[in-house]
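The next block holds one structure in the form of structure tokens; read it before the comments.
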Amino acid sequence: MDLTPIWLSLRLALITTLILLVLGVPVAYWLSRKSSWFKLVIEALVTMPLVLPPSVLGFYLLLAFSPNNGPGKWLNEYFNIHLVFSFEGLILASVIYSLPFMISPLKSAFAHLPTSIAEASYTMGKSHTQTFFKILIPNISGSILTASVLTFAHTLGEFGVVLMIGGNIPNQTKVASIAIFDAVEQMDYSSANFYSLVLFAITFAIVVTVFIFNKHAAKNPFE
Amino acid sequence: MDLTPIWLSLRLALITTLILLVLGVPVAYWLSRKSSWFKLVIEALVTMPLVLPPSVLGFYLLLAFSPNNGPGKWLNEYFNIHLVFSFEGLILASVIYSLPFMISPLKSAFAHLPTSIAEASYTMGKSHTQTFFKILIPNISGSILTASVLTFAHTLGEFGVVLMIGGNIPNQTKVASIAIFDAVEQMDYSSANFYSLVLFAITFAIVVTVFIFNKHAAKNPFE
Amino acid sequence: MIHVHITKEIKRFKGTEKFLVQTDFSVGAVTHISGPSGAGKTTLLRIIAGLVKPEHGHITFEGETWLNTTENLYLPTQARKVGFVFQDYALFPNMTVKEHLSFGTKDVELIQRLLILGKMERFIDQRPRELSGGQQQRLSILRALTTRPRLLLMDEPFSALDQALKAELVPDLKLLLIEMKTTCLVSTHYPLELKGFADFYFEL
Amino acid sequence: MIHVHITKEIKRFKGTEKFLVQTDFSVGAVTHISGPSGAGKTTLLRIIAGLVKPEHGHITFEGETWLNTTENLYLPTQARKVGFVFQDYALFPNMTVKEHLSFGTKDVELIQRLLILGKMERFIDQRPRELSGGQQQRLSILRALTTRPRLLLMDEPFSALDQALKAELVPDLKLLLIEMKTTCLVSTHYPLELKGFADFYFEL
Amino acid sequence: QPLRIAVAANAQSVIKLLQADFKKRTGIATEAIIGASGKLATQIEHGAPFDVFLSADMEFPELLYKNNLSLTKPQVYAQGSLIICSASGQDVGNWQKILSLGTAGKVAIANPKVAPYGKAAEESLVYYNLMERVRPQLVYGGSISQINTYITTGVVSLGFTTEAFLHEQKDSDKLKWVRVDLKSYKKIEQGMLVLSHAKKENYKAAMKFHAYILSTPAQTILKQNGYIIP
């Protein structure tokens, strides 16, 4: 059985999750602080990919990065970068598509932390950055894990956007979800089942990991 | 412009969200309590729709609901219920598809509540049920709102599953996301833009509502 | 008579420690539970309230069995009809002062009386995070009284109150307990503040 | 000299109240801040630490301006080099006792000394939720000392400690403050426990 | 890089035979990307890196040619045959009658806007004056292969599909089917293009493939798999 679609999916999901971790944690923190109308706009933009059908997102990305016009033409002519029908394009699309899956749970976790623990850290002379990494982050590690899993899984299952801008190219944009769709359409049900099973197994492994981690960090070992 | 796809999407998203609220809040609570291996399995099942590409989910639903075999046949013969190519089928599919979007944030919110407030309620003679509705629920109302918005939005954007089991029937299963995909494939960019814009506007309204609610329930009005 | 005989294991830096209590408390009276920090006062009160289960032992309240580990009997917290004042208050973040009290009783007269007792009339619409430490502590005492408990368990209940306030509150509270026929166990590091309040003394 | 002159508005059931403080505190000494529950002790300490901003006023510490609302000057908490013992402890849920202390200093000798001072050696690997009330409170005092603060602000810091413990801890703490040349403001409702500890007294 | 061929869904199984035969003859490896003709055309418009396009009609190739996206003129390589098919054992010999009764259950056709076979099915329904009658029963699929999925899983009673479908089914004897009369729809002339993208590196291979498809061996394979060869 051809395993490249699975590898491609895993690579895509991993890279996307890493990018979103680096990007999402600070943004989520910033959004969780005092609200303003400017933040509202940013938050709305971050939320967009959630409500936008993947087909729409794919459509706009297609228009934006099509070598026929605007940014795509420019990238193409001056840098020879192609963001449609390429793996790089899928990464960009996935980052946009999965953005709210990272940001939304983290924002909520930050907002629920008691303000007093950050204050305690400030009184100990710690800067905002130190407090952020030493106090806030460790105390929402559970949520960070959950958000990462959500992001990873969501990217693994990405379909509509890839269908639109991926072009189903083996070893480049033919990820597992598309391979399954393809197999089903070609009535190759054994391949479809095989790919589905592998994805199933991966989810299971993820869930078990999270479960064990959470058990370890359980609330009150005393009761 | 034909507005029925938009209405259909909104109706689908609303009904799905309501069903998942009723279903998801208790399940999330149950999952947040002491963990066991049985719960692990349930949690894995609840997480599945997240990682499963919508196309796969759609395919399996198609098989399950086919009037030729198993459950579909039974439903068809005894109750005359058809779950493929019908709005009811889309509701069921959406409920499955969006399950983790409701459960996951709620579970995390329940787990983060201090145990002592529930204990305080028990000492006041309140049953688990009373405590649940009067103490726990009100204290995670923010998360419930967030989870509902996630669910609503995610259903609004549902695409892969509908593509598979919907059959693209106007006024029944041709929801907005499909209408857009259709329009794009036909290079009817003005329709695609119109539908996308309407969905954009709806998201914006939702985000603003959540924003205002959260501002109202802000953390510390004193500081 | 409240009869308590329990063992609970407590995790320690290395290995575990055994926490053992065997005693009787008088009903209809106030008993002061004392002991150094970490002795297990909070743990004992929580066990009596049914919030923590000990590994072994039994508890009876006027002949009614609340706990019996050999027979696997365990009366849930709700059925024990206790009131509890938590050391860290455990107030409901979503409720105002007034809502805290109405959560325990429909009796508006009692609520009014309690508000006066705790000098909390001016804060009825404030939520816990908008109250000072002492105000939160008073609210936590008042809340525990709304259900007219058979047994009131108070864990360090006056630590955030000023002397003048305490001098007024404690005697009034004593009268109310007598009126309600409520038995009371109170843990505190300040025996002085219980003068005229506690009838018995128990050292952990 | 610490010079404080501030006004802060406090939301009330109906309308707002003005909270006004104008005073000087001696440097290098311990001042006991007293006042009825809800008088504003916590608020005052938080304002001095820079955690709450008053509407009007100024604060100077030995000539250094910490706050001046007319000139819109505001020294951030970190730069004020204070220590703070919170009324509700505000411990870090993710850290063990030892990690709390190493977060403030690399000086292992100081850490060891503080552990002994607070009798917390046996609990170094426990997290806040595994500590009794008094243990948590002691940890919160020790943590505030790790940074060798210029000014130590303590909000009801001994309320959960037993008498014997306090009798040992308070004098040792006093010596340490003198050694570190730390000024101290402490709020408490128990003036007795500050005998020999507080040099000055301020009533709110 | 292998030669990339965008193939209309109706040819999804015959293309495998053609690829293998082409490889045997020339040693050139190829990759097939399957989709509805209209969808592939849209992707090509937006820069998809395909070298050859095998459409299910002439319209899409002509559009691409007009937009300067191809190196060759559209060329017909086969003619498609529309069938009506059922997997439920129901006899379809008198399908017009069955449909006119309106009791048949769901009827699947491909999206006429992007799939030429769907368009042909619609033309045929109009020709027999059945369109209005059948409309409530119609369900649409994104491409002809989705119709095939609907038929094989039994979620529809009847479906309009390509005759090539019968050759990709292992147990096709379970299917009841009949050719739709050629007079009831416009000829499905399937067109081929070598795309501009081939200029980059695969020009020679693309031209070879183009020539191969029109050669006798390829035409024979097409004929054996349900296509009408003139």
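A, B, C, D and E label the chains in the order they appear, each numbered from 1.
Heads up, the rule we're going with is that a contact is a pair of C-beta atoms (placed from the backbone, for glycine too) under 8 Å apart; a residue touches a chain by one contact, two chains touch by 3 or more.
To keep track of the chains, here are their UniProt names: A, B = Molybdenum transport system permease; C, D = ABC transporter family protein.
Being a predicted model, the structure only gives us computed values, none of them experimental.
K.L.:
In the touch network of chains, how many steps separate chain D from chain E on the shortest route?
P.N.:
Shortest path length, in steps: 2.
K.L.:
Name the chain whose C-alpha centroid is farthest from the C-alpha centroid of chain D.
P.N.:
E
K.L.:
Looking only at C-beta pair counts, which chain-chain interface has the most contacts?
P.N.:
That would be the chain pair A-B.
K.L.:
Report the inter-centroid distance (CA atoms only) between chain B and chain C in whole Å.
P.N.:
43
K.L.:
At what distance in angstrom does the C-alpha mean of chain D lie from that of chain C?
P.N.:
Computed value for the inter-centroid distance: 28 Å.
K.L.:
Could you grab the centroid distance between chain A and chain C? Build each centroid from C-alpha atoms only and quote it in angstrom.
P.N.:
About 48 Å, centre to centre.
K.L.:
For chain C, jot down the residues that touch at least 2 other chains.
P.N.:
In chain C, the residues touching two or more other chains are 11, 51, 88, 130.
K.L.:
Note the residues in chain A that touch 2 or more other chains, in rising order.
P.N.:
As it turns out, chain A has residues touching two or more other chains at 62-63, 184, 219-223.
K.L.:
Using the touch rule from the top of the page, what residues of chain E touch 2 or more other chains?
P.N.:
45, 149
K.L.:
Report the residues of chain A in contact with chain E in the complex, numbered from low to high.
P.N.:
Interface residues on chain A, with respect to chain E: 62-63, 66-68, 72, 82, 84-85, 167-170, 182, 184-187.
K.L.:
Inside the complex, what are the residues of chain B that reach chain C?
P.N.:
114, 116-117, 119-127, 134-135, 138-139, 141, 219-222
K.L.:
Could you please specify the touching residues of chain D with respect to chain C in the complex?
P.N.:
Checking each residue of chain D against chain C gives 11-13, 34-38, 40-42, 87-88, 122-126, 130, 132-135, 138, 155-156, 159-166, 189-190.
K.L.:
Contact residues on chain C for chain B in the complex?
P.N.:
Residues in contact with chain B: 49-51, 76-78, 81-84, 86, 88, 90-95, 103-104, 129-130, 143-144, 146-147.
K.L.:
Taking the complex as given, what residues does chain E use to touch chain A?
P.N.:
Those residues of chain E that touch chain A are 4, 9, 12-13, 31, 33-35, 43, 45-50, 143, 145-146, 148-149, 152, 168-169.
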